[in-house]
Amino acid sequence: MVIARHVFVAALFTLAALSTHAQERFITVASTTSTEQSGLFAYLLPIYERKTGIKVHVVALGTGQALDVARRGDADVVFVHARAAEETFLAEGHGVKRYPVMYNDFVLIGPKADPARVGGGKDIVAALKRLEAAHAPFVSRGDRSGTHMAELELWKTAGIDIDKARGPWYRDTGQGMGPALNTAVSMNAYILADRGTWLAFKNQGDFTVLVEGDKRLFNQYGVMLVNPDRHPNVKKELGQQFVDWVISPEGQKAIASYKINGKQLFYPNAQDPAA
Amino acid sequence: MHYFSYIDVGVSSLPSAMSSLSQGGLEALRLIAGADPKLVQIVSLSLQVSLSAVAVACLAGLPLGAAIAVSRFHGRRALIVALNASMGLPPVVVGLLVYLMLSRAGPLGELGLLFTPAAMVVAQAILITPIIAALSRQVIEDAWMEYREQLHSLGETRLGAAVTLLWDLRFSLVTIVLAGFGRAAAEVGAVMIVGGNIDGVTRVMTTAIALETSKGDLPLALGLGMVLLVIVFSLNAAAYLVNETAQRRYG
Amino acid sequence: MNYTQELGPPRSLLPLELEGVSFSAGARLIIDDVSVRLDAGRRTVIVGPNGAGKSVLLRLCHGLLSPTHGTIRWNSPEAPGTARRQAMVFQRPVLLRRSALANVLYALQVAGVSRNHRQQRAREALLKVGLDGLRAHPARVLSGGEQQRLALARAWALRPEVLFLDEPTASLDPGAAQEIEAIIAAMHGAGTKILMVTHSLGQARRMADEILFLHQGRLIERASAERFFKHPRSLEAAQFLEGELPW
């Protein structure tokens, strides 16, 4: 019985210790695996936290899931990359206003040997057509993420109904960007990835960028405060403060200065109203 | 020879798998030797979360196991089967249920526990309470067969008997509690969902391993995995030694 | 009801009366219509061939089993929730994983003895069975004979009016068995009624004042020990004493 009492007291202390996290000022940002796994947040957030003393808790999910978390009122800010899904989110009344933040681009990754010979050019649509014709192994995210939505859009542009054309060559993994890249590398398959995650990815093996530079591969990120009228727990002031900083000249400069091996990963474009 | 025809894809990745393993070992050594502050923070959060979950699960599971062991009631067998089956609760399902409960849109949303360590404690405690209850029920019931007449003879009540058995079997129960701890500490699906793997807040060993794997940093992921193994192994070794000494001492 | 409570010592548990007691496990009848009255004082030993139902009868008397038919009535029954005034020692002692002393203290605690009396009573009981020197030893690592003595000390500390013993020396060597018999005799000398089952006719001869002879669940014969061993009345008892019934 004495032991039980000790255990109980210890448990209380531990829970108390754990809950101290909740007492500091923080906001929760639902974002995408690409921003987390490319290392952007690990670079950007400490700058913001030093400046404001506000901690930013990032929950990194696919864009679709991130928006769903916000729809339940579990995040203060969303920071994602799928324009159409973001517009829907706004139209449903879950977001206040969408601001463009930055862009990078998608790239088609594949083995250096390039057995389907799709590399070299800029034309992503031609490359996808060739992949489909050759039934070359292709890994899809399959997780409603921004990258997945972009991929589906590109198949459509190429005039391919992927639901009909899919076969054993088309591997729908339902995974985040990193795990999907791991899968592609181990299966010698082609994959569409965002450039940031690819550059930060360490298990590149014999893989390389085969198609890039097509304007249809453009990948725009947006940021929104979750609507406090709809979700009263949203930290309105703190959340808006973060949004304002990200699109401010200072935040934009910080984004531009994040580099891996001298290569810039994201290009700020908050000033572009059409983005 | 025909074996090799199957692994033409694997041949190229085989050397890299080997080097990943050895790199993982080196990484683990570097992490431990350097007492990397980030690692220390992740390890200590892992321990805090899983030990709290074990404490909660013991407070619920041990009395439950003991109560079922010493009582006879209608539906007891069905309850035992259900309890044994729930040892295999899929972590992701538990994570999802806890997420839905704790979400702002859920019934317990007001507590604001989602994406906090407390949420992870809840999820892990739900996962391991059935393990502790079911395994302790078995051990206590076996002992109850032996002790029942003597304790009845002394005039002990069922409640008193349950408490007496829990204390008398403390050394065997330690092993069960450790099994629960192992499961809690090694679990990733549930804590990922309810904790959100937030850097510095809810990132524990397993979610850090998952993240590093995602980033393709396999040596770092393996290194972290080895650190986790070392911790779980040391705890078990310590418990085993204590147990063995105690068994010899107390019979 | 409190105001009608009698002052002074409670009335004795004994005599114990069994009336038409039967016990069956499933379809098997183990105790068949036993009626007997057990008085204070004498040492009663239950003998009989294997499977006669001796241990079951003992458990029925002690309340560990409930009769299928019939009634078991104490003169002044123990009120539920109060300390037991009877104790039992089993063939294999069940001791807790704590010290010898703590085992006795535990029994006293369950019996509701106040904290400041427990220590003294436990030490006295341990002294009586010659285990005071081993009181700090973990109970479960004591020798078989020591464990059984500890079980007796635990019973004795409770100062029971009746002590039930189920083959208490069956798993012990002769030396240890002798010590156990001496302790039982001492307890009897201190005023405790003894009701014992034994396998050993020698032990029954040494210890019994009266014999209950059980055969196939029925109480065949009840007699003073002297008379039973010299002139058994029933054929079964005679055969049993001749060693012709399996036991």
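Here the chain labels run A, B and C in written order, and each chain numbers its own residues starting at 1.
As a convention for this text, a residue touches a chain if its C-beta (ideal position, glycine included) is under 8 Å from a C-beta of that chain, and two chains touch if they have at least 3 such contacts.
Just so you know, these numbers come straight off a predicted model, no measurement behind them.
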item: A-B or B-C, whichever has more C-beta pairs in contact; value: A-B
item: Most centrally placed chain, judged by C-alpha centres; value: B
item: Centre-of-Cα separation between chain C and chain A, whole angstrom; value: 77
item: Whole-Å gap between the CA centroids of chain A and chain B; value: 31
item: Chain B and chain C: spacing of chain centres that average the CA atoms, whole Å; value: 47
item: Interface hub residues of chain B, defined as touching at least two other chains; value: 170
item: Sites on chain A at which at least two other chains make contact; value: none
item: Interface residues, chain A side, partner chain B - complex; value: 1, 3-4, 7-8, 10-11, 14-15, 17-19, 21-22, 26, 28, 33, 36-37, 41-42, 45, 55, 57-60, 72-74, 176-179, 181-182, 185-188, 200-206, 231, 233
item: Interfacial residue positions of chain B with respect to chain A in the complex; value: 9, 12-13, 16, 48-49, 51-52, 55-56, 58-59, 103-106, 109, 112, 114-118, 121, 163, 167, 170, 196-202, 211, 213-218
item: Residues on chain B engaged by chain C in the complex (per definition of touch); value: 146-147, 149-156, 160, 164, 168-171, 249-251
item: Residue ranges of chain C touching chain B (in the complex, touch as defined); value: 59, 62-64, 83-84, 87-88, 90, 93-94, 96-98, 106-107, 110-111, 138-141, 158
